[in-house]
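Per-chain residue numbering starts at 1, and chain names A, B, C, D and E are given in the order in which the chains are listed.
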Amino acid sequence: MTVLELKGISKHFGAIQALNDVSLTIKPGEVVGLMGDNGAGKSTLVKIIAGNFPPSHGTMRVLDREVHFHKPVEARENGIEVVYQDLALCNNLTAAANVFLGRELKRGFGPIRILDYATMYKRAADLFKELKSETRPRDLVKQMSGGQRQAVAIARTRLSDSKIVLMDEPTAAISVRQVAEVLNLIRRLRDQGIAVILISHRMPDVFSVCDKIVVLRRGTKVADKLISESSPEEVTALITGALERA
Amino acid sequence: MAVSLDDTINRQTHSTLSWLLSRQTFWVFLAALLACIALSFLTDTFATRNNLFNVTRNFAFVGIVAIGMTVVIISGGIDLSVGSTLCLSAIVTGLVMSAGYPLAVGIALALIAAILVGVVNGVLIAYVGMPPFVVTLGMLSVARSMALVLSNNKMVYQFGPDQALLLQLGGGTTFGIANPLIVLAVMALIAGFVFRWTGWGRHIFAIGGNEHAAILTGVPVRRIKVGVYVISALTAGIAGVLMTGWLGSVTTNLGTGMELTVIAATVIGGANLAGGVGTAFGAVVGAALIEVIRNSLILLGISTFWQGAFVGSFIVIAVAFDRIRSLRQSD
Amino acid sequence: EDKILAIVVKGLDNPFFEEINKGCQKWNAENAGKGYTCLYTGPASSNDEAGEVQIVDDLLTKGVAAIAISPSNAPAMANLLKQRAPTIPVMTVDADLNKEDAALRKAYLGTDNYLMGVKMGEELQKHKKGGTVCLQLGNVAAANIAARAAGVRDTLAGAKGIDSLTGQNGWTEPAGCPLFTNDQSDLANQQMSDTFTANPKLDAFVLVGGWAQFAPQAYAQVTDGVMERLKSKDLVIIAGDTLPPQIDALKAGRSHAQIGQRPFEMGYKAPDAMIKLINGEKVDEILFTGLDTCLPENADTCLAK
Amino acid sequence: MAVSLDDTINRQTHSTLSWLLSRQTFWVFLAALLACIALSFLTDTFATRNNLFNVTRNFAFVGIVAIGMTVVIISGGIDLSVGSTLCLSAIVTGLVMSAGYPLAVGIALALIAAILVGVVNGVLIAYVGMPPFVVTLGMLSVARSMALVLSNNKMVYQFGPDQALLLQLGGGTTFGIANPLIVLAVMALIAGFVFRWTGWGRHIFAIGGNEHAAILTGVPVRRIKVGVYVISALTAGIAGVLMTGWLGSVTTNLGTGMELTVIAATVIGGANLAGGVGTAFGAVVGAALIEVIRNSLILLGISTFWQGAFVGSFIVIAVAFDRIRSLRQSD
Amino acid sequence: MTVLELKGISKHFGAIQALNDVSLTIKPGEVVGLMGDNGAGKSTLVKIIAGNFPPSHGTMRVLDREVHFHKPVEARENGIEVVYQDLALCNNLTAAANVFLGRELKRGFGPIRILDYATMYKRAADLFKELKSETRPRDLVKQMSGGQRQAVAIARTRLSDSKIVLMDEPTAAISVRQVAEVLNLIRRLRDQGIAVILISHRMPDVFSVCDKIVVLRRGTKVADKLISESSPEEVTALITGALERA
């Protein structure tokens, strides 16, 4: 069984060919490191999987069923959760409100259902604690540091039963302490059978948690192999173009 | 260590008082209150039952529309078409009732006309992705033109069998309070509740804060945006019906330029045109303040030539005050 | 195809001008097939003076047989006429050009506004021999309104050229008056009630134009507050125009006199005047439409048929 | 490797044609052109010298102010006070000249009054940090109130010894072209040059794109913003003087509601209210299109009741067209 | 001689104490690694040095002269260049326009001085080449990938003779290839006698280029020592709080 299967995905923006015939298969509980130079097309690939925009060509299957996402929420309904590179936070809302955005908890008296602030604060606090992040659920995101913001974005993916979590440079702006937590989190996801795609420029991170590594170069996939069969040196060579293909 | 993390996470960063003091709405409310107190001493006519009744009734119309405008502004939009929508709804009420239909039919059709305006605005903004300023600027012309065409530019002042009911609705009182004021109060309470306690309310703030993030997190942004413009048009429609009842006649220049007054009220009350910030109470306070200024100029016998200068300066001062306070705080 | 006789009014948003339109349409109905059509037009808003000038300009370009204008900004309109020097007949209705520009139009059909003001003043003086009086004016700087106000003031003061009543003949205008309504009836009523509040002893209120009364219900509420004083003629209200809701107000004792213009007559007579001018027939330079003086006792019969 | 990097860095990503086709201004220009051609066939009066003269003269006023508005909108602001500023400047010209001073003094004082308005707007926006919408909304009331107070609400129509000069300036022609049109052309050329070739022009685009970034990189943001509002007020002032000359009289109604027409022209011409995008040519084309619509309705003999509907719809269609095209492209 | 000397710098935002009595000395050509947990106050410190806002308390000396910056341009005039964490780019302008923002090149005929597009494109292209970044000077920043944007922000600091360059996580979003380039750039700056403050969460980067390391913990400086006397383990312990002070 595959969680996600991409076949011949291409994407161009006007004259720019961001992705060129990329195919990819991911099994449950697999952690895939997606690497590549800046502008190689990593974020574009993530956005296509997450339903932000459709590919110019190519097909996508989730759990062996062909899917065509027209908006992000459809991807989420198919069990795909994303931590975006730009985090996608509302600065004017609190951390807890951002975590629960789009799936607020409610409590009801009869047909009237109102927001359940207490539970949302409580659960958000628990999530932040799990991530070992000093983030206050009641604080506005506006005033938060880069790492705190990242914690909010990551906490979001933990709300539902997802099958695959896409993380676009989740460790880029966070401190050693929290990097370790994110990597632990990825391991925990894997143990629960959730697949993870980790985009990162940090070689050590990728080599410490990933099972498989995929390298994009100018929109084309130039490597797709088990981490145990590769090495940081090889990957660096692939990224920089010193090595054509592996 | 775990204890210290817990502590940090649960620390309260604002006291209720400092929260209150940081709200523009609070300061504007204070300004309005002080103005009223000063006027009660400066004139012996301001604090009379009659004058207070007039003042509250007068600002109710702007206040009602300002609540709808607040919703739009929170969502990061703007609605310039409210004055024309109000006129259209008033004309429809008048025409339908003068054709002999009962009040309920008149109101229903007037509100349907208003909702249609809102739907067109909303669809163009949410689905075609056009800027709200442009769409509603266009609608400002179109809706008033529709009012002209429908009424053939005739003054409508006879409202058929239910005329008394209509006049009572817009011009009458309940327990000594002007009916429009009661409508305003009810709508402000509903809006306050929706903003704070419903997912929909949360979502309009999210859209105003970061629309892109709202889309990505699965908020039904387009549907909500259509709703937002429908609500704005609906409040204008309600105000149109009530104004018809109050005035006892409709002409096609009703509500001309009203959009700017309404936006001024909303902004004075603390809504931020960049989106993501605003309160229902603020809209009401803003509308009240503008009316108190207008009323006081006449009571104090100041030439109406100066009215614009006073109202304009107050718009600026209300917001400047808030800005200066927040500048000082951030230093 | 019919030739066009255009009537350009100050703004389509004013019910008064709609009466002109009715006259124009009645003329069309009665004169179908005679080679002329009366066209009623104007800018959307009475505030849009430049727009009115542009419309006249466009109509001259388009080519009409004759044109009748109610200029909102008389000198500006005169200026345009000077520049275009149209060969077709031009006349004015309802409002005239300034005296020095009178040569630019062949005729004026409309109210004698100064006389209308005089009549208002006379009606007021039948009830009051002095006191405080507040005038409510309309759109800023409208010449016809200004002429009426001058008529009122001159009559009350018993002298010519009075800018403001400051005690002449016992009449004064309190602080805050006159009021300008911007032609908006809601604002007109709000101003009125505020003025009654500010000046509880006010002796008279002259609605130089009838805007407040165009909103009969609001007007009723405003006057309800002073009904006792109106009944006892402690407070006197004199108003311009005699549109149906205004006559109702008069009958209800909410005003003491209405001085009416005859806009319908203007719209109805203007096409004939224009045809005469086209045909080179002689037309009086000043064609005053009459004034109707409506009092509570003759309210049902005062209007010219 | 080095060659390939060079290649990439120097690659051209847009052809001139695709760049042209991606501009709203281009499409609106096309629309205006097509409308003109259609009108030339549908009516035998549109393409007459006289009518073209009128049309061009009429849109010149809106066009001149729209150029100033474009500057403001590029910088991410908005100026609602232009209509009132125009009126104030016209009143000052009229009063000064009717008091017997020469034309030059009249113009100088009128423009000084306009500049003052711009400075107040600019300082409140740039130094106090208030939102432009609020400040200029306040100024909309204040400036008109000043015009009322100065003129005592009297119509001014006698301009002293230099009356002929003034009327010639606003209403006259040079080489058969209406003077206001010449002023518009000169101003559009200057604006186009400044936008493309000066540091100041570059900086207003930067401020509109990311004000915070502009501050951090040392762009004198505050000073530039004051300048932007001064320019906007100045264009309104110039238009005010020219309109006085064209109309031959001034009342305090002049320019009422004009801000919305001007903004509509700017937006139709491709300026983006979010800031950072706009062209001088676009402002002119937008103004021209609105005037062509107005003119054509009269020439085609369409009831003026429908005028608002046409103008409003066209505002929406012009921008919608651009939106739909860009939506399709991004798919 | 010191390039920069901070004495007792504190900063609070309302109730939040972001910096607490931080002192620091930097000599010419010194590369200082500034590390700390998320929200420790690193960016706040950078913004104070860069003149974005004044400190609540404390004094600052540049080249042994006391300075009080009221706006960023004053800091720049004192030879301080900054790469901000949020990059400070105008999306609607081209890469070249962003690089030269605020100090456009002009050419003149007499008193009229117009923008010199050709030279700016040329120099921007050279700077990008120097950074080994595939960034096109004529492209709008809007359409660029994270790394390309970073290259634009870094290119900016190379325009003038600066004495100290502050880099707030310049390597966070860029690929291995460009990380190496940025580190090389830092070394080149050092060789020219320019001091650098490098904020980073990437331990290997800091240890490969820095001479000195400063660790902030909850707004307080808890370490300020030569890199040769420290170790990644010690720094990690300082950041997480396992070690109180060193």
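What we mean here is this: contacts are C-beta pairs under 8 Å (C-beta built on N, C-alpha and C of every residue); 3 or more make two chains touch, one makes a residue touch a chain.
The structure presented is a predicted model; accordingly, all values stated were derived computationally and were not measured.
Chemist: Under the document's definition of touching, what chains do chain A and chain D have as common neighbours?
Modeler: Of all the chains present, those in contact with both chain A and chain D are B, E.
Chemist: Which chains share more C-beta contacts than any other pair?
Modeler: Top of the contact-pair ranking: B-D.
Chemist: Could you state the distance in Å from the CA-based centre of chain A to that of chain C?
Modeler: The mean C-alpha positions of chain A and chain C differ by 72 Å.
Chemist: Just how far, in Å, is the C-alpha centre of chain D from the one of chain C?
Modeler: 35
Chemist: Once you find the CA centre of chain A and the CA centre of chain B, what distance in Å lies between them?
Modeler: Going by mean C-alpha positions, chain A sits 42 Å from chain B.
Chemist: Mark out which residues of chain C touch at least two other chains, giving numbers and ranges.
Modeler: Where chain C meets two or more other chains at a single residue, that happens at 12, 44-45, 180.
Chemist: Among the residues of chain E, which are close enough to touch at least two other chains?
Modeler: 13, 16, 134
Chemist: Going by the touch rule set out above, which residues of chain D reach two or more other chains?
Modeler: Answer for chain D, listing residues that touch two or more other chains: 13, 148, 153, 257, 303, 305, 307-308.
Chemist: Contact residues on chain B for chain D in the complex?
Modeler: Interface residues on chain B, with respect to chain D: 80, 124, 128-131, 133-135, 137-146, 148-149, 152-153, 257, 260, 263-264, 267, 272-274, 303, 305-316, 319-320, 323-324, 327.
Chemist: In their complex, what parts of chain E are in touch with chain D?
Modeler: Touch list, chain E to chain D: 50, 52, 71-73, 76, 82, 84, 87-93, 97-98, 101-104, 106, 114-115, 125, 128-129, 132, 134-139, 156.
Chemist: For the complex, give me every residue of chain B touching chain C.
Modeler: Residue list for chain B touching chain C: 43, 45, 48, 50-51, 54, 58, 144-145, 148, 153-155, 157, 167, 170-171, 243, 245-249, 251-254, 256, 294-295, 297-305.
Chemist: How about chain E: which of its residues touch chain A in the complex?
Modeler: Within the complex, chain E contacts chain A at residues 13, 16, 35-40, 43, 85, 133-134, 143-148, 150-151, 169, 171-179, 201-204, 235-236, 239-240.
Chemist: Given the complex with chain A, which residues does chain B contribute to the contact?
Modeler: Interface residues on chain B, with respect to chain A: 2, 5-6, 8-13, 196-199, 202-203, 205-206, 208-210, 212-220, 276-277.
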